Amino acid sequence: MVQNLAIGKIAILLASLTEDELKQIKLPLEKFSYCQGRVGSMNMQKVISAVETAAKRNALINEGYYRETHSLYHAIMEGINGVTRGQAAIGEMSRTVGLRFAVVRGKPYDHPEEGEWIAVAFYGTIGAPVKGSEHETVGLGINHI
Amino acid sequence: MVQNLAIGKIAILLASLTEDELKQIKLPLEKFSYCQGRVGSMNMQKVISAVETAAKRNALINEGYYRETHSLYHAIMEGINGVTRGQAAIGEMSRTVGLRFAVVRGKPYDHPEEGEWIAVAFYGTIGAPVKGSEHETVGLGINHI
Amino acid sequence: MVQNLAIGKIAILLASLTEDELKQIKLPLEKFSYCQGRVGSMNMQKVISAVETAAKRNALINEGYYRETHSLYHAIMEGINGVTRGQAAIGEMSRTVGLRFAVVRGKPYDHPEEGEWIAVAFYGTIGAPVKGSEHETVGLGINHI
Amino acid sequence: MVQNLAIGKIAILLASLTEDELKQIKLPLEKFSYCQGRVGSMNMQKVISAVETAAKRNALINEGYYRETHSLYHAIMEGINGVTRGQAAIGEMSRTVGLRFAVVRGKPYDHPEEGEWIAVAFYGTIGAPVKGSEHETVGLGINHI
Amino acid sequence: MVQNLAIGKIAILLASLTEDELKQIKLPLEKFSYCQGRVGSMNMQKVISAVETAAKRNALINEGYYRETHSLYHAIMEGINGVTRGQAAIGEMSRTVGLRFAVVRGKPYDHPEEGEWIAVAFYGTIGAPVKGSEHETVGLGINHI
Amino acid sequence: MVQNLAIGKIAILLASLTEDELKQIKLPLEKFSYCQGRVGSMNMQKVISAVETAAKRNALINEGYYRETHSLYHAIMEGINGVTRGQAAIGEMSRTVGLRFAVVRGKPYDHPEEGEWIAVAFYGTIGAPVKGSEHETVGLGINHI
């Protein structure tokens, strides 16, 4: 594999590990930009919006350029596909999600011309809107930016 | 969350962390059964088969009972949906995957009647059948067993 | 086939036959638990809810355990996939459904260790929200419980 | 409902009931054309082909006209969606199906201008290519012709 | 190809070309019925409704017969699949569309028994509900009527 | 719309118009790079490969960089989704396609920082592997590069 920085794996760990667990594993966090966040909803639009807002507020994408929001949007949608396993209209399907997410931007490939990529990871629960009626779920989307 | 053992997260870590990294994080591995494996293919049937074979060889499921293979199969398919983000016919789509996987079986919920659940996690790469033309991918499926 | 009680076929007949027709066919209804119901909606959430409520009220699942609601939910979703043929967000797609449904729980396999399974069948119409602009539709989902 | 002949229900019964059971229920079979058949395969192309061949051999469609094969094809695909619940590439997904099918053609609506419609129903099993590792499945597709 | 009138291509051109551009290309518009329209929405139901209303108002389908609205509906849905590339619940996915559409009805095949077909084409933009954050999109559905 | 060069529309016209028709419409072809090609197959892998080969041979993408092949691949897949309307495994579904395609690369947005985008358009037929049993189909995918 030509990648030397696994931005997808780093995003997954940032989304799923607790602060204490993150201290135990040495991650090369100084080599890229990232942010973390949380969102819970029966409405996928709110999940998308929470990730977009966090990425913009942390300057992970330049919201002035559509190409960057386009890249982020498709990475989010790929991550959501993993979370919902093909049923993205979660509210209509009577599901609710409680998610932590991470967005990581950087250069995962050795060759400098490969440029920057973005990874969006989700970890949390999906289930019925009833306490305890839920199980874990994970999603990861990656795109060039 | 009623879960006290996050079998999905543990499966994701077993699939994505290196042996060295796994030593750094303390996981409650003594509380459940698990196995790890690797598979690379353009044929999703081989990926399914690799996970099923590993789970049976490690006695994670009792292959004599259809209800256990049925539970495992749907957990695998949910994990593959995350890996392929909806395009499971990877060969037809000219994609190849190189994956590490983990299967974890145990009791993630406090209440004993919730019984056993199974988690199947994948981590690796998906891309064109050309060296370096690939990026990371992750998938997780969870089912009651 | 190892099955000696075709719970899926029984669920389909309970959902699609009239009371008179059901009297004509001898079904081994004493060997399992079942319930029947009706629901009409443009909102898939209401369809899911109607089946879940009927199954709980008739003690087909124990709503105290997530593993049972999890099993039922996936059986419902598989049945809905047949009803909508892949477009589960029926309201957004300007469709309405009028459905009769049946939930059947029992032991369809000879081997006692195969345990209990659940079948959810739908029969009715799908179409535009205009009287007469509709045709028949059927769906069946089956899961171990 | 404006329908007075439920061709979908009749197709489902022709596909799922045994000869003995069919004798018990009075169906208005004299009012339309129909055929029955069987197919088992890991290859969805063979399932499609079996239904098309049976429909042509029994003169249910006029194979000289594309509009009739087009109508039948989409009805078959809708039925297959119910059978596979969204994973039509069954071989790639390591599934095999054993199906009985029925094709019914006739005029289900009161108004003569509604013309002829076609229903394709499947009933049988889907599962791993291992004896006994399978459960029931049903699918129904309906189209104007 | 047995077709001598490419109704899909004509629909695409009617949806995507400006009035000036349409004057430059000679289209056999006298050989079939057609209409054009515009719709912008985050709600797919409004897109479906706009096309259905335009088709009825221009007498492209006879709204008294379900078989004609059924045929049109499936052609619209196929066109929408191209527009959204599989994510038809655009509002839930935080997308908005601005579309021009055309519906064309006629006899595209040489053989008179092939009868009438209908084509629905969309051309426009899909994107975030933010000015400029959008790119082009196209969809085409075709059905016998 | 901020776009002043509609690369999607240009790609659709390059894929669907004959040489004669293309002469009638004035297209700003000098402002971007493009290529055209043809492919017929029951195997989607061959369609993908035909577009990738044409794009590389005409230097529309730099095949040395994965980010460019990644961008092209997703644009192809979006276009194929329109062509197949969700059933990309065409061979398994007993369908064959005969397609003309165009790939267009350029700067469709006024703002120079929006950079280059790529459009992949398909126009042709999809149908049964029987002469004449086919109708038109169109697909368009667009991505930043």
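Side notes on the structure shown:
Order as written gives the chain letters A, B, C, D, E and F; numbering starts at 1 within each chain.
Going forward, a contact is a pair of C-beta atoms (placed from the backbone, for glycine too) under 8 Å apart; a residue touches a chain by one contact, two chains touch by 3 or more.
Note that the structure is a prediction, hence the values are computed from the model and not measured.
With contact taken as defined at the outset, chain C and chain E are each touched by A, D. Chain centre most remote from that of chain D: A (centre = mean of CA atoms). Chain pair C-E has a twin interface among A-B, D-E or A-E; that twin, with over half of the contact pairs alike by residue number, is A-E. Seen from the C-alpha centroid of chain B, the farthest chain centroid is that of E. Of all residue numbers used at the contact between chain D and chain F, under half are used by both chains, marking a mostly different-residue interface. In whole angstrom, the spacing between the mean C-alpha positions of chain C and chain F is 43. Chain F has its Cα centroid 30 Å from the Cα centroid of chain A. Separating the centre of chain A from that of chain C, both taken as means of CA atoms, is a distance of 36 Å.
Multi-chain contact residues, meaning those touching two or more other chains, occur in chain F at positions 2, 66, 70, 86, 89, 91-92, 109, 117, 132, 134-135.
Because contacts link the chains in a way that matches no line, ring, star or complete pattern, their graph is best described as other. All chain pairs that touch, listed by label, are A-B, A-C, A-E, A-F, B-C, B-D, B-F, C-D, C-E, D-E, D-F, E-F. Residue ranges on chain D touching chain E, taken from their complex, read 2, 64-67, 70-71, 74, 109, 111, 113-115, 117, 143-144.
The touching residues of chain A, counted against chain C in their complex, run 87, 89, 91-94, 127-128, 130, 132-135. Listed in rising order, the residues of chain A touching chain E in the complex are 43-45, 48-49, 66, 69-70, 73, 77, 88-89, 91-92.
Residues of chain F touching chain E in their complex: 1-3, 6-9, 12-13, 16-17, 21, 24-26, 78, 81-82, 85-86, 108-109, 117, 119, 121, 123, 125, 131-132, 134-142.
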